[in-house]
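Sharing a structure below in structure tokens format, with a few things to ask.
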Amino acid sequence: MEGLQTLWESTALAHFEFGQIIMMAVGLLLLFLAIAKGFEPLLLLPIGFGAILANIPLAGFNDEGGLLYYIYHVGIETGVFPLLIFMGVGAMTDFSALIANPKMLLLGAAAQFGIFATLFGAILLNLIPGFDFSLQDASAIAIIGGADGPTAIFLASKLAPDLLGAIAVAAYSYMALVPIIQPPIMKALTTVDERKIKMEQLRVVSKKEKMIFPLAVLFLSAMLLPAAAPLVGMFCLGNLMKESGVVDRLSNTAQNELINIVTIFLGLAVGSKLSAEKFLTLETLGILGLGAIAFSIGTAAGVLMAKLMSKFSKQPINPLLGAAGVSAVPMAARVVNKVGLEANPHNFLLMHAMGPNVAGVLGSAVAAGILLALVG
Amino acid sequence: MNVSELLAEAGILMLVGMVVVFLFLSMLIVAIKLLTKFAEAYPDPIKPKRNEIKPISSSKTSPQVIAAITAAVKQYKARNK
Amino acid sequence: MEGLQTLWESTALAHFEFGQIIMMAVGLLLLFLAIAKGFEPLLLLPIGFGAILANIPLAGFNDEGGLLYYIYHVGIETGVFPLLIFMGVGAMTDFSALIANPKMLLLGAAAQFGIFATLFGAILLNLIPGFDFSLQDASAIAIIGGADGPTAIFLASKLAPDLLGAIAVAAYSYMALVPIIQPPIMKALTTVDERKIKMEQLRVVSKKEKMIFPLAVLFLSAMLLPAAAPLVGMFCLGNLMKESGVVDRLSNTAQNELINIVTIFLGLAVGSKLSAEKFLTLETLGILGLGAIAFSIGTAAGVLMAKLMSKFSKQPINPLLGAAGVSAVPMAARVVNKVGLEANPHNFLLMHAMGPNVAGVLGSAVAAGILLALVG
Amino acid sequence: MNVSELLAEAGILMLVGMVVVFLFLSMLIVAIKLLTKFAEAYPDPIKPKRNEIKPISSSKTSPQVIAAITAAVKQYKARNK
Amino acid sequence: MEGLQTLWESTALAHFEFGQIIMMAVGLLLLFLAIAKGFEPLLLLPIGFGAILANIPLAGFNDEGGLLYYIYHVGIETGVFPLLIFMGVGAMTDFSALIANPKMLLLGAAAQFGIFATLFGAILLNLIPGFDFSLQDASAIAIIGGADGPTAIFLASKLAPDLLGAIAVAAYSYMALVPIIQPPIMKALTTVDERKIKMEQLRVVSKKEKMIFPLAVLFLSAMLLPAAAPLVGMFCLGNLMKESGVVDRLSNTAQNELINIVTIFLGLAVGSKLSAEKFLTLETLGILGLGAIAFSIGTAAGVLMAKLMSKFSKQPINPLLGAAGVSAVPMAARVVNKVGLEANPHNFLLMHAMGPNVAGVLGSAVAAGILLALVG
Amino acid sequence: MNVSELLAEAGILMLVGMVVVFLFLSMLIVAIKLLTKFAEAYPDPIKPKRNEIKPISSSKTSPQVIAAITAAVKQYKARNK
């Protein structure tokens, strides 16, 4: 009988708490979004699966000695995994469009207003009873507006590890929702004629420019904002490996096997933070709400900036391009292209939108650096 | 810190943050323009492009393909005699 | 002269102990089996090489600061390496045959009798003077009967790390010997007519079924047997990555580069446990003997279960299929096919045998979970 | 524990173990059957299969192959004139 | 105002020290050499980039919790990264030329004189005020003469971690300079007629010989020089994986993805040791000077040994082959081929030079073992 | 240690080091010669080489290639009628 008692005690059924069941359902929902809806599956599938694993009673994934415990402490707490992902993303990024039209950087800058407005908003939420975000919490939440997964995870792991799960889930979910969130805002802020504006064709960028560019970015970051140097530096390393053309085997590994391995682990580790006591809170609802606002404000700020620039620019600028400044590469650029085509079926904006799109990545890394420097 | 202090801090962060982001990316615009001038002054050496008119460019598949063709053409001829 | 003395002292010749020479010979034997005989070379080659390295006097591979010391502590003691291998194996496994004919799961269950009978046998060995297996030791040894390398290494590292080397070597050696061990047992327990039985063709399984299957397995394990959740969970993660079709780059990396890297390290680390004082013992002889018995009993139990099922089933069941229930994927299924072809040259059982074969993997992961829960 | 106690424990483990293994895998049989019914009720959307009758399906090799063929056939003709 | 002060304090501009600026310039120089000049880019690009990152004030790459801190401690301090690189190099190395003409091992031995002469030279430098090399320091510097990157990094990390940056940079720089350093020495020590000597064609080596060879090397090292066993052992493991032909997937991963991943990390970690206080010293100048001498002496010793052997050998030996004995695979062998072709446009020495070339790798691993055993 | 002691040590290291390196690699020469004799005594089993004369060796591309050829030859014939 004692054996049977032990056996029953060793089933999860005897130990399930309600919160764990809910969180497993949340994990399943993430899997559903990833698989059936195609929401950022590379991250949301491992995150969802990690959430399920982490909430199995007695399985001990998150306990000292458990798999997710090790992965989290080795890769997230140290910041190593998001940085390696950033290196891989750098090795996949082509800055040609931005170098050919550097003014687009201003769109990537404007869209970061989504981050700082959300920071303000998160503090405002404290007026509602039940919310108690510190400045660190608010900053970590605000970075969702950067629309850049590894940046959000890196910053959250430094400023507000308890909110990491909710922030990462919000960041990736909204990135997947970009095609739904952005178009109404873009259309509301522009006229059909503005959306029809054709851009001049981009010049061809030389190999030398593409090779020196990451070094220039690194140099600026090293001088002005060293707190952003880990993110910016690893991104530039990846990009330099790609553009130099002399270390193709390293570049290929960085943007394939290495980033794949790290992505699996990163996703599982983020998922391990989706525990009931940390996720099933009022804060999470606040984070989800703020995230949507962040994306919307960032999109609007980008579009308005583009309209402003259009007034002072000799060459015409299609204001839709501003929406790509939130990053969410390459989704936002595709959305710009799609909305542009709706207004003018012969107007292909994709290549032009890649400029503000990659500018947005740099912009949110810079914003993350500022937050780390002033709040961290 | 109470909420009003936090709001003040958040406001300052918003201001400082946007200024620095714009400053940083504006300086990058300048840097790119300098970079472009530099690249124009010292252009990439023009490498002789590989002649892509040559009908069989891939040396890897060509022997196979040629063998296949030879065989196939022979077969075809034989059948159509 | 002092220098020469130091030099002589720094050769291994001055320090070799007899046991180390024997263990290097054991390492060479494993290399020979791996290379010349084709015995599970992916594991036995690094294990054999690791055994040689670990037994070089003064080389310090196993000492704090030595390579194998680090690999063992990082990858085996934590359980991370076997779990990653299991993820990769999951990403390589196709459950179609099992989903098309789920009754085959009973064969995978029956074959686990090899495990529990061996556990009993290991305790019985204690009656012979010189043997003193604890319940933990006996459980770790018994899992050899599961015919699944990573499961055996995972369980042994938790229950009986001192026996890990012998257990892993026995597990992989017997898996390589499946084509020799199984056929006589299979033929002894079946008539020629039974072996000639043709199976109905398997239906085509939909993508949806294959995708939900790993989640169903995970769910059952989470509810009933959380102790098995690490093994089952990682296996199901790999399988879901494969079957979902939305994260092919992760799935490919899991079943290629990642599993290859981990296999090299896992093999070396297991080899590092082949030290004279732990391997050259009576216990090792006991383990090797019990391992052979475990495989034989598992095979027999599978075949007998298949005969029993055949009596109650409307569709005919070839009893040979039971032998595939020990897992040893895909070797055991091939053996079934071969023995079946001997009886009837037109009877291809390979696809049908894949069902019990993968069922055996699940079965031994479940058995490992039970042992962990009740003995660990 | 002495050997007889251990044997008793081992016997219980054997019993409990086999029961749980069978229970677990039997429940999985049920789960698969439910799953199959579910899958039948909501079948995979039938995707239009790519037309595989088209002789040159691989766009990667085709220009090469065609170039090779053109060249080879010309050569062949020339030689066999 | 306080915020502005914090902001200014958080820029690097407020904190740059002169040494850091110089070291960033050194990093840029290494990048330039790697990219524009093609100097060993696989290592010098990450080293140069790592040097830049490590010298950004406030970025904290080298501080506890920083990325380079972790990479260095996990991979270099433990010796794991150079050993994994050695395994990968082993999996890329073909010993056929050496097995076909084993006398070439003597050339690989002679060229190691560069190491030990440099050791003597480093101690001699102590006579100049300002130099104060210990025997450990001198040994770590001397190994530059082995012309083998991972060996140098492995030894330096054990004997003189403070000099690691300078030693690694010198080792890789001179390896890239082999085509400039070697030819004048080779021509000075040989007559045109000697350089015209044609070698007999090498026989075909059987698979069995190639497979047993790494085991023989490991065996000798295990018996005579266990201190060299980590380097030699991992090298032989890689080579055995390749030549056995039964674990191709492991061998391919070892010589591609795994070595690429480790190379990125190794380079960054080495670069992190290029800090002003450790690099901008008189010692570094000494190390750079000694490195050039080491390569030159090694080359000369190899050539002279070849001339000596030629006198006692029945078959003619082209003395140029001796230069390949320094290793620097496959650069030195190519240099031999080129200088040989200058003397006789029909004399292809490349295959013959691969023998002493790979012998040089073994020779410097052995030399490293001796230094570890006697000085470590 | 002062410099002269260090120099003495370095000298000994040089001597011992070169002797050991030569010893080690010389023993390896002997080992290789033994190995070669062993390999001659027990040669690799001669595997039947795959027939490489077969014109279409790569099964992967062949159906494609043949389809391409068939199509191309037909087209060619049609055009040259």
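Labels A, B, C, D, E and F are assigned to the chains in the order they are written; within every chain, residues are numbered from 1.
Please note the rule applied: a contact is a pair of C-beta atoms (placed from the backbone, for glycine too) under 8 Å apart; a residue touches a chain by one contact, two chains touch by 3 or more.
According to UniProt, the chain labels map to these proteins: A, C, E = Oxaloacetate decarboxylase beta chain; B, D, F = Probable oxaloacetate decarboxylase gamma chain.
Please read these numbers as outputs of a predicted model, since none were measured by experiment.
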item	value
Chain separated most widely from subunit D, comparing mean CA positions	E
Taking each chain's C-alpha mean as its centre, the one farthest from subunit A	F
Centre distance in Å when subunit E and subunit F are each reduced to the mean of their C-alpha atoms	22
Separation of subunit D from subunit F, taking each centre as the mean of its C-alpha atoms, in whole Å	35
Cα-centroid distance, subunit D relative to subunit E, in whole angstrom	46
Multi-chain contact residues (two or more partners), subunit E	3, 7, 224-225, 257, 374
Contacts with two or more other chains, residues of subunit F listed in rising order	16, 20, 61, 65, 69-70, 73
Partner subunit A, residues of subunit B touching it in the complex	1, 3, 6-7, 9-11, 13-14, 16-18, 20-29, 31-33, 35-36, 38-39, 42-44
Of all residues in subunit A, those that touch subunit E in their complex	78-80, 83, 87, 211, 215, 218, 222-227, 229-230, 233-234, 237, 240-241, 244, 246-247, 249-250, 252-254, 257-258, 373-374
Touch list for subunit C against partner subunit E, complex	3, 6-7, 10-13, 24, 28, 31, 34-35, 38, 41-42, 45-46, 49, 52-53, 56-61, 65-67, 70, 256-257, 260-261, 263-264, 268
Residue numbers on subunit C that touch subunit D, as the complex places them	98-99, 102-103, 105-106, 108-109, 112-113, 115-117, 119-120, 122-124, 126-127, 135, 138-139, 206-209, 212-213, 216-217, 219-221, 224-225, 359, 362-363, 366-367, 370-371, 374-375
